[in-house]
Amino acid sequence: FKWAQELGLVRKPSTFISTISDERGEELLYAGVPISEVLNQDLGIGGVISLLWFKRSLPRWATKFIEILIIIMSDHGPAVSGAHNTIVTARAGKDLVSSLCSGLLTIGDRFGGALDGAAEAFGSAHAKGISPRDFVDSMRAQKRLIPGIGHRVKSVDNPDARVTLLKRYVRDNFPNGGAAPLLDYALEVEKITTTKRANLILNVDGVSACACISMFRATNAFTPDEIDELISCGTLNGMFVAARSIGFIGHFLDQKRLKSGLYRTEAGDVLYAPPHPNDNM
Amino acid sequence: FKWAQELGLVRKPSTFISTISDERGEELLYAGVPISEVLNQDLGIGGVISLLWFKRSLPRWATKFIEILIIIMSDHGPAVSGAHNTIVTARAGKDLVSSLCSGLLTIGDRFGGALDGAAEAFGSAHAKGISPRDFVDSMRAQKRLIPGIGHRVKSVDNPDARVTLLKRYVRDNFPNGGAAPLLDYALEVEKITTTKRANLILNVDGVSACACISMFRATNAFTPDEIDELISCGTLNGMFVAARSIGFIGHFLDQKRLKSGLYRTEAGDVLYAPPHPNDNM
Amino acid sequence: FKWAQELGLVRKPSTFISTISDERGEELLYAGVPISEVLNQDLGIGGVISLLWFKRSLPRWATKFIEILIIIMSDHGPAVSGAHNTIVTARAGKDLVSSLCSGLLTIGDRFGGALDGAAEAFGSAHAKGISPRDFVDSMRAQKRLIPGIGHRVKSVDNPDARVTLLKRYVRDNFPNGGAAPLLDYALEVEKITTTKRANLILNVDGVSACACISMFRATNAFTPDEIDELISCGTLNGMFVAARSIGFIGHFLDQKRLKSGLYRTEAGDVLYAPPHPNDNM
Amino acid sequence: FKWAQELGLVRKPSTFISTISDERGEELLYAGVPISEVLNQDLGIGGVISLLWFKRSLPRWATKFIEILIIIMSDHGPAVSGAHNTIVTARAGKDLVSSLCSGLLTIGDRFGGALDGAAEAFGSAHAKGISPRDFVDSMRAQKRLIPGIGHRVKSVDNPDARVTLLKRYVRDNFPNGGAAPLLDYALEVEKITTTKRANLILNVDGVSACACISMFRATNAFTPDEIDELISCGTLNGMFVAARSIGFIGHFLDQKRLKSGLYRTEAGDVLYAPPHPNDNM
């Protein structure tokens, strides 16, 4: 982009600049790669994300890892806020896009935000050279839960299949014998928290976030600043959003097939607490 | 689901019924398949969509085809309505989800709707046994364009790479020697329209819609009614939406990296035509 | 606008045409009226809607009626789909706009759509000169409920305060002694349905829709075609949306003040009905 | 609400608590006030907002002021981000709610956020007892623009009609002879900035924000903490959003009437800057 600015190509403020794709020529290009090449080289959905989000042709071990993350996060049942709102909107008879958006709009710090939280917490502690022990102690002193640590059901003795699969993929496929320093750091933290309670494991959000950053680093395709920028722009959040869109659309189609009627919260599930007559009125 | 109703499991109207996934047990299930199986069998994103949207483990030739459709539709540049609104929202400083939804909400009949339009037009003509010639003539008599036919640039002599790739995939991978009767029908229609003008080819939307329906049929996993229901519930639209979400998120990240400022339509691009003093006021 | 086209002022397709307001000059104009005039003449919110939606300075009895409609529709409690989704999104920690939009996206035929439904049903029957008796019989023959008729609690002997107020406003303030032919027609229908059951009254949606159309007509500011166009463009729906936005924002602020935590559907409220192993898989 | 908690009325976490309205009884209640009272007392849209957002029956001088703010902010032309995205979505053929939401989602810090910014900047400086001079100097030292100060066209000698009207309303109608200490403070700041440049006036956002907070204080209906909470919950933002919804719906109806076609950014307005072959790929 800098070369464009230097060449004086950037015009008036209402002009749009776009650097990820180009539909004008003989063939549609994703980050400069013709769509036929994308298909012929079997880059997969992970390869498409590499091109459109990172403007890089990442190696296959990395694009495959992105695909696994998308698959693992595609759905987590109907009870979470986003699936719930999609279902309520579908039951109000609305179209697919409206239902999907009603659900997506719930995604943020509390629902779906664990990835960014874990990336930030582990990433900055690791970068500052804080020891795992000091990290656990300081979080405890601040009375903050460590994002990415803890599971209601899973524990050291009853591991989460997704976590096992992700860790195995990293060790078997990342370069330099499966090196992933940030993931290693988080696993050191887990060793400390699980001595306290067996369910304070590094959960699927924690593993995903740390392994994903380790992946960016191991490709050698990004400067450290570029990786920080990727994270701060919301790339991890974007993975959750792109993945879960598939699940929300599934819930929409499910309700349509079921011909579910209009939802209305049951009277018994609402506590009506109108302002008291004496409440400073 | 019927068995559930018969067993009297369906309760009060505020209860939710959900049939696509289950996050309660030892392992997350997508349509009954444990997530570890989804990964171990390398079902890919097409397999996940099969499970969460169709509640079926479709054969690999079918799930791979779904993946190709998603890849082809992931982006088509910054100028279309949806990418544009995502970009404008990103430039207003908003978060990823808000920007994505602002873009998704433009998807409908005019932008992104060609798949559903083509499925409906070719599907119903084919089902009613109308000959390709009669179909073309009757659309012309009604002064309607055939959805899925025509391209501004591509033509018989300058084929669209995506169309070529999709057709080749169908012929090489669909069962019974690449049989796809609805696609065949649409290609017969193309023969007629291209004799009129070389650019009235079956375009990428037309091929995708017809091939996708042919795919559903060739799996033998759905009754004809179930396929009609899938289409009418918006499944093809859903594929476009899920795919293009990847592109819109790419455009969001692109604008964040570029640190683009607030967009404002230039005065010269707006014609202000206030009500005339004499306009029945 | 025609004069603009004739003068050749309409340019390239990417140009925007806008006819409701103008912010370029000395003073902001709403449909040509300076904002200071809007305030000095005390046009109120109904006057602003007249200017921005209808490009007309409607008489005070009409703008006041619009204001009453907005007030009556501003909220109807937390249990309806839209308030519910706004509340769930607020509880997920999201911002005001995201929460509001998540709720608004549920508005359509089933939730909030009674106005358009009643306008369409009564309006077309009345226009075709079908007698109230024939209208009721033909709806019954088609096994369709008459939109705008019926209330769970209210009845002939226990009238709805909002309905009483609206009807009184029409009779006391509309020109020609409170003439409102479409409302009269709907009240004739009510006479028939309430002889069957006392709760089959013309409800608040029915009165609002019929009275609103009668209001458009009584202003003599619109041709019949313009009124039909207003309805078909979604004006009544727009009134509900603009009004209920106030309520949804109220629910958002309410949850923020209450510091409500993340919502998750209780396991007991979901029936998980995964595909049966034998379900054609 | 506390009394409810004490009485043990708060149940399981999936229960909703709602304190602003109640639709269950004989009459719909807004913050305990029956809807017939709302209309009979002519509380207006400002009164409805008082009840549903603040759970207070504010005095008429205050509710009228809220109404004026809503009217002034209802629209500001088609060129701003939100009206633009609403227009693009309407031109894509989408429904009213989708078009409105696509526009609303652009509202945030950069578009529409001046109210919150000004409230925060002036409010905290005033609360800390920083003199106007020190405030201007310290913002300058931090190289930050003062939100709520400055206008492209309007100046000391060419005042903005909206500002004049708002200030006059405050002086003529607020209690204690039109007392508004925060507004006074902001006007002292304006005296300093306009000696530098005549266009560095307190703009309509600055006046609105400061006067609105002064209004909350002058009612004596809120504790200082409650006012801070109102602001931090996004109440000022909510006023802009509720007001501008009217304008966006107007733009939607406008485009429908104009039968505007699908928008597509012109090729000449986009700079395609794909990743350079040599860009670390």
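Order of writing sets the chain letters: A, B, C and D. Residues in each chain are counted from 1.
Quick note on the criterion: a contact is a pair of C-beta atoms (placed from the backbone, for glycine too) under 8 Å apart; a residue touches a chain by one contact, two chains touch by 3 or more.
Bear in mind the structure is a predicted one, so any value in this text is a computation, not a measurement.
Novice: By the touch criterion stated at the start, how many steps lie between subunit A and subunit C on the shortest route?
Specialist: Between subunit A and subunit C, the shortest chain-hopping route counts 1.
Novice: Using only the C-alpha atoms, find the rotation that maps subunit B onto subunit D and quote its angle between 0 and 180 degrees, to the nearest 5.
Specialist: Subunit B sits rotated relative to subunit D by 180 degrees.
Novice: Could you find the chain whose CA centre sits the greatest distance from that of subunit B?
Specialist: D
Novice: Based only on mean CA positions, could you tell me how far subunit B sits from subunit D in angstrom?
Specialist: Each chain reduced to its C-alpha mean, subunit B and subunit D end up 39 Å apart.
Novice: Roughly how far is subunit C from subunit D, going centre to centre by Cα mean, in whole Å?
Specialist: So the centroids are 24 Å from each other.
Novice: Roughly how far is subunit A from subunit D, going centre to centre by Cα mean, in whole Å?
Specialist: Whole-Å distance between the two chain centres: 32.
Novice: Can you tell me which residues of subunit C touch two or more of the remaining chains?
Specialist: Each of 1, 14, 16-22, 24, 78-79, 84, 97-98, 101, 105, 107-108, 263-267, 269-270 in subunit C touches at least two other chains.
Novice: Could you please specify the touching residues of subunit B with respect to subunit A in the complex?
Specialist: 1, 12-14, 16-24, 26-28, 30, 34-36, 38-40, 43-45, 48-49, 52-53, 67-68, 70-72, 74-79, 84, 87, 95-98, 100-101, 104-105, 107-108, 161-162, 164-165, 229-230, 233-235, 237-238, 241-242, 245-247, 249-254, 256-258, 260-261, 263-266, 269
Novice: Name, in rising order, each residue of subunit B that touches subunit D in their complex.
Specialist: Its residues touching subunit D are 78-81, 84-85, 88-89, 91-94, 98-99, 101-103, 105-111, 262-267, 270.
Novice: Would you tell me which residues of subunit C are touching subunit B in their complex?
Specialist: Against subunit B, subunit C makes touches at 1, 3-4, 9-11, 14-22, 24, 29, 31-32, 55-57, 97-98, 101, 221-222, 265, 267, 269-277, 279-281.
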